[in-house]
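Working notes, structure below.
Letters are used for the chains, namely A, B, C and D, taken in the order the chains are written, and counting of residues starts over at 1 for each.
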């Protein structure tokens, strides 16, 4: 029997992660796909986004022509400030991160282990200098760390592993993983599949995942709205 | 031969200490006599006074009737803010102190030793709880610590000692001592008398001082203007 | 819509537990959340550890909590300020423990907790009685003392203005310990004189960003 | 009368010594003192250690200093930002040393120096390669890494407005590392767009108090 399923595209993954951001939550979004989640917070929910470079209350991208050269986000893209937003210096921005003041940090990753170890800062390419940015601060800091990443690498190999192969960003920090195939919780009892895309089976998902997966009793289908890829 | 001299009163002592505060200096004045020095900065000199409770740019006492209940100094007296003055929180106020950002801290003292050890926080009266306030922070923090105190205690016993008898605030921190009789510098070569009140002799001053005093080659008379006691 | 305002004093301090560490902002009588302290008295939590620069004044606020036997320990820099008879009686009767900490070290220990640090070395108190029993280390030729982070279960704060998110600005020297205590407690409760519209504060001039504030009690300009 | 303004770029950076540690504020291309970096290039100091979040962009400012062989070491969190070819060439040629430090730890190490501390323990980097060779300690069940204070001989800063004492305010996210670097250097030099009268800034809203600033170079709003 052939399993037929359709992986989420990047906007659908961002949409799914955004649904879990609660009213009143203070959230840091990592550079790249996590940043897209800001666009998909359900209407009417106030979620306050934090940026490492000293902004609390990030708004949407500015309209073309209205960019302010002194207002950029951690990805160094132009951004805006919403009402109630404030500026602070770098040490205070990281005090917020490291001191467990943020409710959620949503990060990209290369690999996550069964124990919630996170590897997202270096692929150890010897021809380039390493860069860590705020990755390690974010990984130890927020009250809850969630990861958003493709379920497998470009060769189809698992990125959810028994142990990370790449150097760690921080051990045991990840609580939830959003992939293009599933939503998986990291618990002391192991990895629990909370949601899978339609057509996916636990058996097929397990083939794409190194550590043992368990299906949550109340698992459900992962069915985001259709979105242009 | 009887030595005839007249000790300075408290305002004259404050006046003398104020003469050494240079244009542009950032200065913390301890509670009590040191605070009086602010009134005697020579006209035209801009000296910026710091208060532990989060003020940089303390002004003079408010005119009666203009007091603001939210504007007090470290001694909990009403104060004012001069143009250019700013407010900060307690941790930043003490960052300024402890991080050697202040040029001068002018403190009261019970005792100072030959090595510049300072005792100014407790008399060890067992019937009262101890209090330290910002004394220890100030004693280690400023670029230069100066002390203003009566030369002897109320029984005429020296307060400049070989070793402090009271518990230390900080070791080896005091660089200059203003007393009602003299101005004395603490150096690696010992205590040097820079100024003495008129009629004072080194011999008489030595009788009132425990460690050995040396007279600076360029010593001069300590002659503040007349002031009501 | 986020709105951190509470209905009244009782709701403001609801849930403070016996044995809690309570950060009480203020210096002298300035910048103290008098109404929250009174509400805490009504609320009934006992066996409290209080972190404050001083140790109460007269028979109101912190002094009243002490007089009612609700304070087990005071962490402060200078108990002898104003009319501190409430503290003095309890201290002499040995019903209350005093931990004396230099004023700047209280602040920095709270900063350390706020910033997620495990402790720091400071030259303050080195070679003095207040360093007795503490770990020391020579760093660059200077003796340093190890200081642990100081965390509040609750902070009782006073600000001039808030918006519904909890962004705060203060009134002159009434700022004092408020911003640092706001950052250092699990539950930060602020008494404010005035509410303003979200977006009406200058985003460059907000002193305490809303992330540090959990509950707002509006007391009005008459307080 | 205190007036920290200097006559021009050369005077602004006069006296920076070979081997100096230079704190360079800015994040991406925002909040960087371009004119002071150019002036430092003219001034000629070499064998510099640069503390900056990134590692230069294009062939201006920090990148130009690197291309001219004047930088011995870069302490940064993320060299790979923008056109970092200047850094990359020097890195590959091994003419420049890299000390990689997490972004928040760079900031906090400067805060520690600014606050007169001897170092602190932080959970960041524990159990990772970046903790190799560093002292660690378990505190409350969590492994911490000891971090040393980070001090600049010089800081090169960029602000929006200054008064003659050196009180500063910034422009939105151009604030970034500027206030913390201003506090962490022996000699803090700021490039500002605009001078304002003493007393015209809101004393509640000044971000960098004048005590941290030594020299002001006014560049004008065109910069």
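Everything that follows uses one rule, which is that contacts are C-beta pairs under 8 Å (C-beta built on N, C-alpha and C of every residue); 3 or more make two chains touch, one makes a residue touch a chain.
Here the structure is a predicted model, which means the values were calculated and not measured.
Note: the chain lying farthest from subunit B is A, by mean C-alpha position. Two chain pairs are in question, A-C and B-C; the one with more C-beta pairs in contact is B-C. Subunit B and subunit C have centres, each the mean of its CA atoms, that are 30 Å apart.
Distance from the subunit A centre to the subunit B centre is 57 Å, each centre being the mean of its Cα atoms. With each centre defined as the average position of its C-alpha atoms, the distance from subunit A to subunit C rounds to 35 Å. Touching two or more other chains at once are residues 81, 87-88, 91, 94-95, 97-98, 140-141 of subunit B.
Across the assembly, subunit C contributes 108, 111, 115-117, 122-123, 170, 172, 175, 203-204, 207 as residues in contact with two or more other chains. Taken as a contact graph, with one node per protein chain and an edge wherever two chains touch, the assembly fits none of the named shapes, being neither a line, a ring, a star nor a complete graph. Contact between chains, per the stated criterion, is found for A-C, A-D, B-C, B-D, C-D.
Contacts from subunit C toward subunit A in the complex involve residues 1-2, 111, 113-117, 163, 165, 167, 183, 198-199, 201, 203-204, 206, 209-212. Listed in rising order, the residues of subunit B touching subunit D in the complex are 23-24, 26, 46, 48, 50, 56-57, 81, 83-88, 91, 94-102, 140-141.
Partner subunit D is touched in their complex by these residues of subunit A: 51-55, 68-73, 76, 79, 81, 87-91, 93-95, 97-98, 127-137, 140-141, 167-171. Considering their complex, residues 108, 112, 115-123, 137, 139-140, 142, 144, 169-170, 172, 175, 202-205, 207 of subunit D touch subunit C. By the touch criterion stated above, subunit D contacts subunit A in their complex at residues 27-31, 53, 55, 77-82, 87-88, 91-92, 98, 100-105, 107-108, 110-111, 122-130, 170-180, 207.
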